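The two complexes that follow have chain A in common; it is paired with chain B in the first and with chain C in the second.
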Partner chain A sequence: MSPTGWIGKPVKRVEDARLLTGRGTYIDDHPPVANLHHAAIVRSPHAHARIAGYDLTAALAVDGVVGAVTGEDVLRHTKPFSVGVTAPVHYYCAATDKARFVGEPVAVLVAKTRYIAEDAAELVRVRYEPLPAVVDPERALEPDAPVLHDAVGTNLAGHRRLVYGDPDRAFGEADVVLKERFRFPKYGSTPIETYGVIAAWDSLEGVCTVWSNFMGPFIMHPLTARVLGLPENKLRFIVPPDIGGSFGIKTSIYPYIALIALAARRTGVPVKWIEDRREHLLASSSGTDRVAYRELAAKKDGTILGMRFRWLDNVGGYIRSPEPGCSFRPTGNFVGPYRFRNLEVDASVVMTNKSLTGPNRGYACGHLYFESEGMIDRLADKLGLDPAEVRRRNLIPADAFPYRTPTGGLYDSGDYQAAFEKALELAKYSELRREQARARAAGRYFGIGLALAVDPSVSNMGYVATALDPQFRAKPEYLPKSGAVDSATVKIDPLGRVTAILGTTPQGQGHQTIVSQIVADELGLTPEEITVVDEMDTFTRVWSISSGTYSSRFGSVGTSAVALAARKLKAKLVEYGAHLLGVPKEQLEFRDGAVRPTTGKGPSYSIKDLAGRAHWNTESLPEGMEPGLQATAVFGFTVSKAVDAEDRVNSSNTYGFIAEVMAVEVDPETAAITILRYVTVHDAGTIINPMIAEGQIYGGALHGLGGALYEELVYAEDGQLLTGTFMDYLVPTASEAPTIDIAHVVSPSPLTPLGSKGLGESSSMTVPAVIANAVSDALGPLGIRITELPMTPTRLYELIQKART
Partner chain B sequence: MADAVTVRLTVNGVEREGRCEPRKLLVDFLREDLGLTGTHVGCEHGICGACTILIDGEAARSCIMLAVQADGAELLTIEGLMRDGKLHPLQEAFREHHGLQCGFCTPGMLMTALDLLRTNPSPTEAEIREGISAVLCRCTGYHGIVRAVEAAARKMR
Partner chain C sequence: MKPVKFDYHAPASLDEALALLRRYGGDAKILAGGQSLMPLLNFRLSRPAALVDLNRIPSLAYIEEHDGQVRFGAMTRQRMIEFSPLVARRLPLLREATKWVGHLPIRTRGTIGGSIAHADPSAEYPAVLTALDGEVVARGPKGERVVKAKDLFVTYLTTSLEPDEILVEVRLPATDAGAGFALEEFARRHGDFAIVAIAALVVPDGARCRAARLATAGAGPVPVRLRAAEQILERDGLTDAAIDAAAGRAAELVSPDSDIHASADYRRHLTAVLTRRALRRALRVAHG
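Presenting the complex of A and B:
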């Protein structure tokens, strides 16, 4: 028998063999259906323009073109997508009346090849009546700003003022009140594989089948079915086995699914569309750019009494679901790892003539912690205290878990002090401070940054309702929303071989490997003996609206479903073994791959043995036992509840912790930032595969670094995108990637069968904070504090020059 | 649309032939006409490096080159990296050191690393980073890739 204990080992990945040899199956690799045709999308060159008409005569005359779809077809044959606010925003899968950002789809050409489709797309004439554009969220709210949506009458898509505790009193009693304005940039994780959709519409059966690298959440499936006028069980979403990265971005592919499905319906042929990079940068998805006004109230000893957040999140031309998650995804962890109970949040969601936004790795948390951790450093500075000491004085104590935050979050487990002290120790913090003193004495700009974050995993779908007024949610016709579930099936074939089937959509996270470790441990096998299938198909998998692979959820909810399915199957094997042996099942246990007597003495039945009997001779089953050896488990968190009347919501289900220390040196002449030391300590509960976990941390950190230093979707005032290629939109290369010291603290979650939590977003949410704090500390002698990202050399150089003169 | 022309080349040691328009990109020719889908398209403007293959022994972007330009050339793509049913030391090392996650940049990354080690069999860490900076990876933070190339270099020397 094989030893158990695969959980916690750096098991090499099952996925690698195919991916290393060019045998992966990505959306663009294999035609899943015959007679495939290809689409090219005509996009608006204007940031804001009324569409007066289309002339497709020349385009449709091109040899090989089979048809086209324009905004008129979209208006006639589809409905607008539901949006997450009550404002009447009519968001269709392509522009109908007006184009509201550069790159918005206005027509689709379908042809025998992509080359021909592109030729034809160039011949489409759209009559535009250009309108003034607005790209800045503050400018967009001024009374004379151009208004994007006439039906809304303003560019404000939604606004909420949330009050927790008594912030006015906290600010009234404070010894110190600090204020700051921050700007967070618009950036996206730009997966190297772009969006891809293949749609086939069978008008006789009334079924539309869509293959796409969509990652969920599958709430977008019923939304899309409604848009297309199809019953949900006539719209089939299939996700290929391999997705070339996503980081949240491929959530927002769903409007293209609707558009390509419509093109397939209208042209009568299966249609394939693979987004190109220009299209991706112009019109896929990104996080929001945000203007934030922060206030912090504290006592002289550094105790934080309360905070005020005022945000303007810029969601671009339309508010697309799941926005305004940009404001509310971290509701439960708004206070981060700190004890204060008084908070006021004033969140405005603004529409401007920029591309649309959505989840991007660290969804809303990069923004949150950049501001909050920046404020903590300002407090330390004001009080003349060490920033580490200020944090220590405010951390939630280790004996307070499970901890209910004032905003409704339920932090399941943690030891923030232990993780923080570990980070300080690993970084040799005191020594770094001495080194800094020496460097400063020598005229060098050496800085140390700290950042702490509560890392939320597995979004509770109910958080989105925080965007709605409590009065609206109190109406009898309003249906409350909550939940975070995932399912898995484990089955044993007639020869005793084990297969696990998931409904997840991995994008590089190694689900097959991780599941094989879990099932191997549960069933006393080796990971190589388990086959794992994770190709999502809405017709065959057990799924729910929260299904998908997003919000760092697999390590927490997906793994739980797998463990429970295996345990259910084990219980069945024990019951069957007891029947065969004619003993009470209490006298047996499942151990080392077999049903054995608890005493260790007497006959046992291996999985293979039981599988053979159960499949080949159903007469051998006890009365009432369901034939076959399979079990499906659907795991759901009971701590997922709907937002309450006081706007409190447990917005995620498991909460990890991150503590980071970074030391940098800034060259005042070139504004180059050199990272000298970077330590990150994570608490994600039980780690199932430390190799994969470390890979997620490395990747997450570089996403954070990209946003902090290099990446920005920059728009001119007229709404033209200025960073439309990888030559302008700078993605960090290996030369920019830092070395990281990674360590873990393990506080198992009491809510999951394995004690695990998610950590996929990890340091993407802390690096903007930690490096901004480090650079601020380095440039402290010049009186510079970073309030805006990315810290490009130009921006930093200007700050340094201004400070010196 | 121009008339199709014949393109003859050697891919992974096998002589191949196909007919395509003169404007067809080499990467599209490999993927669509020769069925070699291991080479990926990430940006179509020569920056991300996902489409990197070896042409007459040197790394090149197959997305900014026409198939007709490769007529008569000898190509190595990811599908040809294994020898005698065994993974190449670079492939082994990527697996061992978690040098890939989603795998989409991986073919380009492997071909680039192969080219790097051909010209510099004993690179320093900085040289490896510089060498593979021709390929963008968004999953790994490059850590596992750098370790893998170091390990493969040791093995291949």
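Presenting the complex of A and C:
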């Protein structure tokens, strides 16, 4: 901890004044170039159809229309996007040969205004030859199912069977084997701000500049450059200062960047496209819907010996990078917080006529823990043990950290027992059980759910290669991938003022505030004294292949880069001070904003003093010292390694922990669920700003509640989306928010300079599990166990009716 | 999501508004609070040649009592109804129903006339109008006519009003002291349209029931007056057994549809559950 101690304080967010008074600068507020024109996208009304041709005559005749692009232009002038599977799926930025989901872009109209563009888009005639559609991942793998991609020949985009330890032996020796089938729904995040892209071509310089609310550049910048046929240093991504939320969804904006860039190039004018809400629900991104078959092997005392996961992840019409992360992102934490060493994973990535998928808050972990924690409760039930006790008996002990999981994860720190017991204590678990007994005696349906989760942050992008066979990865021409890197610069002006510069594309998380706290602590200043500039421009910022804000990276990797840059700068100040005082630098230290003798006695130099001298009189610098007072640090995790030959990978870099308890009551007549108590305890290492951390947990919990009770992108059998507006796609609002009791346990990460870990996804990955377990517990007397989300009233009503008859 | 081009008119008087409707011959839409119409326009589901905006006609917003009726100017905002002392005293069922209408910003714009003329069968105001046997006043080229609730709603989003008519007033019979009322609603989220709602009013008379009024929202293409269920109560009084019987009868009187939010079977089941709950609560209210 630092002496001045801004870290750990609920410092008010510097961003809020502008955001709450409507003064943020978002993509739609951004008029970066003159002569902006506007795009409307023509989208497929069919879930599956061959495209026989286009007639744009009427559309192009509309006054104010300057041009259009269709799939023919896309095919001629762009390449398909690369993706981390070997199946030959040709995914372009718009449909070329066939449309494979409702809402897939098929043409773009460019006009003087969005109104005119939409009028013209209605006049585009696309000749479709409709084909049978398939939306269910199991049905899609049947031999007579319609095949989406002729070149692939099947709807299977990828399949891996991963074996860790000796699962067959574990199941052979088990006293108890449990099996269950689960379904997890397809849902997104619906950030308040939808996608937005502005693209302009400089034909003289050959540069394409794209302004967008993209949270990269990430791997998507090189992918998009290749698609557009541009050298990377001719494709410039600029992100406006504010992004109105993402939660992972904006990772998947890049196909639109390519499409709008193409439209700008073909029409010769700068083109702006702001996705509307209908487009967002229809065709932005979501998590996968999954069918999972789970098996658990255990001893009579509740010790888990092993698990088998078999799942089908539905990625929609095409597999789009970074999928198949849906299956493999949690590889390192597949076992969650438990000790068992034997695991078999059979992962199928399936394409159907639904919209495309990608990271969505909790990326694949909501699925994982819904299934795993559901299995643990079934085990407790089977053995007649308290579900808390079964969990206690299987937790990784506190003295086992750093802990290497059988799947290659390296859990950096934790005290799972302490956090779990804290959650039980806060929830008054024993009292809740007594209350439940009283409620049941009175004929009420009162249930208590538990859920534990390892909360992975800062994905090691190398995990995506788990999708490839080890034999493929062993080929000499295969290039392994790994890493999780970010950079920051801290500089001191001639009059001693400090500025920190980053490119972490904040989406509302308060990066400026956090950075100001860290720099203030490092340099002995107050947060208000620090100016933080956090804007991505790939032409001017230092960035690398993993740069961006996704996978709860900032709290771990961005903050580390800032701390290291400030420390580098401090070291330079000490060296400079030593030169000025004519003493060895070992006799000096940086403390309370000044270079001082370690003894505490004698002259000192403040930052302001040193800055003035260093900038105004370079002669005063010691020989060999670089002029100027700035430092750039690039922080990268050394624990990020490529997948090994046994499919083990440390898929994230820091691993937090979540322990939750929820009590609910179910009205058996209406099937309404009331949340009576909800406790969530987190261990994300050092908490830099508890107020911001709390906000993340609230948001994550509500997001998880959405998936558990309200949100689903529902498709009819024929592939039509049935939840295309906010009338039908229900997002929980403040009125649906339960009271949340939050507490923290702090196990600092040994891998980050500040000991911090990410917690941006947090309870989004546990709430589906904890509420499903609570409702299952409530309806236990009826023999009902939840296996499918969302728990809509109709679904629950039908379960209750069935159980009663 | 940009609307198709349309003409916009903001007349200052009702006569002017009627003349505009006549001029567009059925191809104009009336804009009240805009809470349903604006999304329909932006989705291009509604493509009128013109909008006739009633928001500049101040004489269309009022609440007054007249001949045992509470009368509302069609442009009276839901927010005004929510806080009206007259409504609280004389139409407590409407006041309770208003709290279920959308969220605060919606009620600030939304109007009673707009809600009823829009005829969403899952909305609360049409259910209250139906339960209380209210009526609306429509003005058209041939003058004014009064339309009873039972004659107003035709099917989903459709009323018997003519395209050149404007709903100008809503009339609800004031509730007698001693009556009990309740609106029980089940919706997936606060502020959503009802999956099913039941509006109930009972007038106990000792052990007997002098009058019972029941109507649904969400249980079919129009709000349904549950007259046969009311008759059970009026015949047998407000005993638990009679209430249960009325609730069971209510479920037989509705023909709900299935949609993404609820199956027909579940809606029918909810009709019985909520009828029973609404009657029990109404009875408690009546007994103070």
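Simple rule for what comes next: the second predicted complex is superposed on the first by the 801 of 805 C-alpha atoms of A that agree within 3 Å, B and C clash if a C-alpha of one lies under 4 Å from a C-alpha of the other, contacts with A are read in each partner's own complex, and residues count from 1 in each chain.
Operating definition for what follows: contacts are C-beta pairs under 8 Å (C-beta built on N, C-alpha and C of every residue); 3 or more make two chains touch, one makes a residue touch a chain.
As the structure is a computational prediction, the values presented were derived from the model and not from experiment.
Asker: Quick one: is A:Tyr115 in contact with chain B, with chain C, with both, or with neither? Answer first, second, both or neither.
Answerer: both
Asker: Name the contact category of A:Val65: first (chain B only), second (chain C only), both, or neither.
Answerer: After superposing on A, A:Val65 lies clear of both chain B and chain C.
Asker: Touching A:Asp276 in the superposition: chain B (first), chain C (second), both, neither?
Answerer: Once the two structures are laid over each other on A, A:Asp276 reaches both partners.
Asker: Now for A:Gly245: first (chain B), second (chain C), both, or neither, which partner does it touch?
Answerer: After superposing on A, A:Gly245 lies in contact with chain B but is clear of chain C.
Asker: Would you mind checking which one, chain B or chain C, touches more residues on chain A?
Answerer: Of chain B and chain C, the partner in contact with more residues of chain A is B.
Asker: Contacts for A:Val714 in the overlay, against chain B (first) and chain C (second): which applies, first, second, both or neither?
Answerer: Only chain C; A:Val714 stays clear of chain B.
Asker: So, A:Ser735: does it touch chain B (first), chain C (second), both, or neither?
Answerer: In the superposed model, A:Ser735 contacts both chain B and chain C.
Asker: Now for A:Thr794: first (chain B), second (chain C), both, or neither, which partner does it touch?
Answerer: Second partner only, chain C.
Asker: Considering only touches as defined above, state whether A:Thr723 meets chain B (first), chain C (second), both or neither.
Answerer: So A:Thr723 only meets chain C here.
Asker: Once the structures are superposed on A, label A:Leu19 by its partner contacts, choosing first (chain B), second (chain C), both or neither.
Answerer: In the superposition, A:Leu19 touches chain B alone.
Asker: Report, in rising order, the residues of chain A that make contact with chain B in one complex and with chain C in the other.
Answerer: 115, 119, 276-278, 725, 727, 733, 735
Asker: For the complex, which residues does chain B have touching chain A?
Answerer: Touch residues, chain B against chain A: 1, 21, 23-24, 31, 36-45, 47-48, 50, 77-79, 81-82, 87, 91, 94-96, 98, 100-107, 110, 126, 128-130, 132-133, 136-146.
Asker: If we count contacts the way the header does, which residues on chain A are in touch with chain B in the complex?
Answerer: 12-13, 15-24, 26, 28-30, 63-64, 115-116, 119, 189-194, 242-245, 247, 274, 276-278, 507-510, 691-692, 694-695, 697-703, 725-727, 731, 733-735, 737, 739-740
Asker: For chain C, which residues count as touching chain A in their complex?
Answerer: Checking each residue of chain C against chain A gives 1-2, 4-5, 39, 43-44, 103, 186, 188-193, 195, 260-263, 266, 269-270, 273-274.
Asker: Contact residues on chain A for chain C in the complex?
Answerer: Residues in contact with chain C: 114-115, 118-119, 122, 276-278, 669-672, 710, 714, 722-723, 725, 727-728, 730, 732-733, 735-736, 792-794, 797-798, 801.
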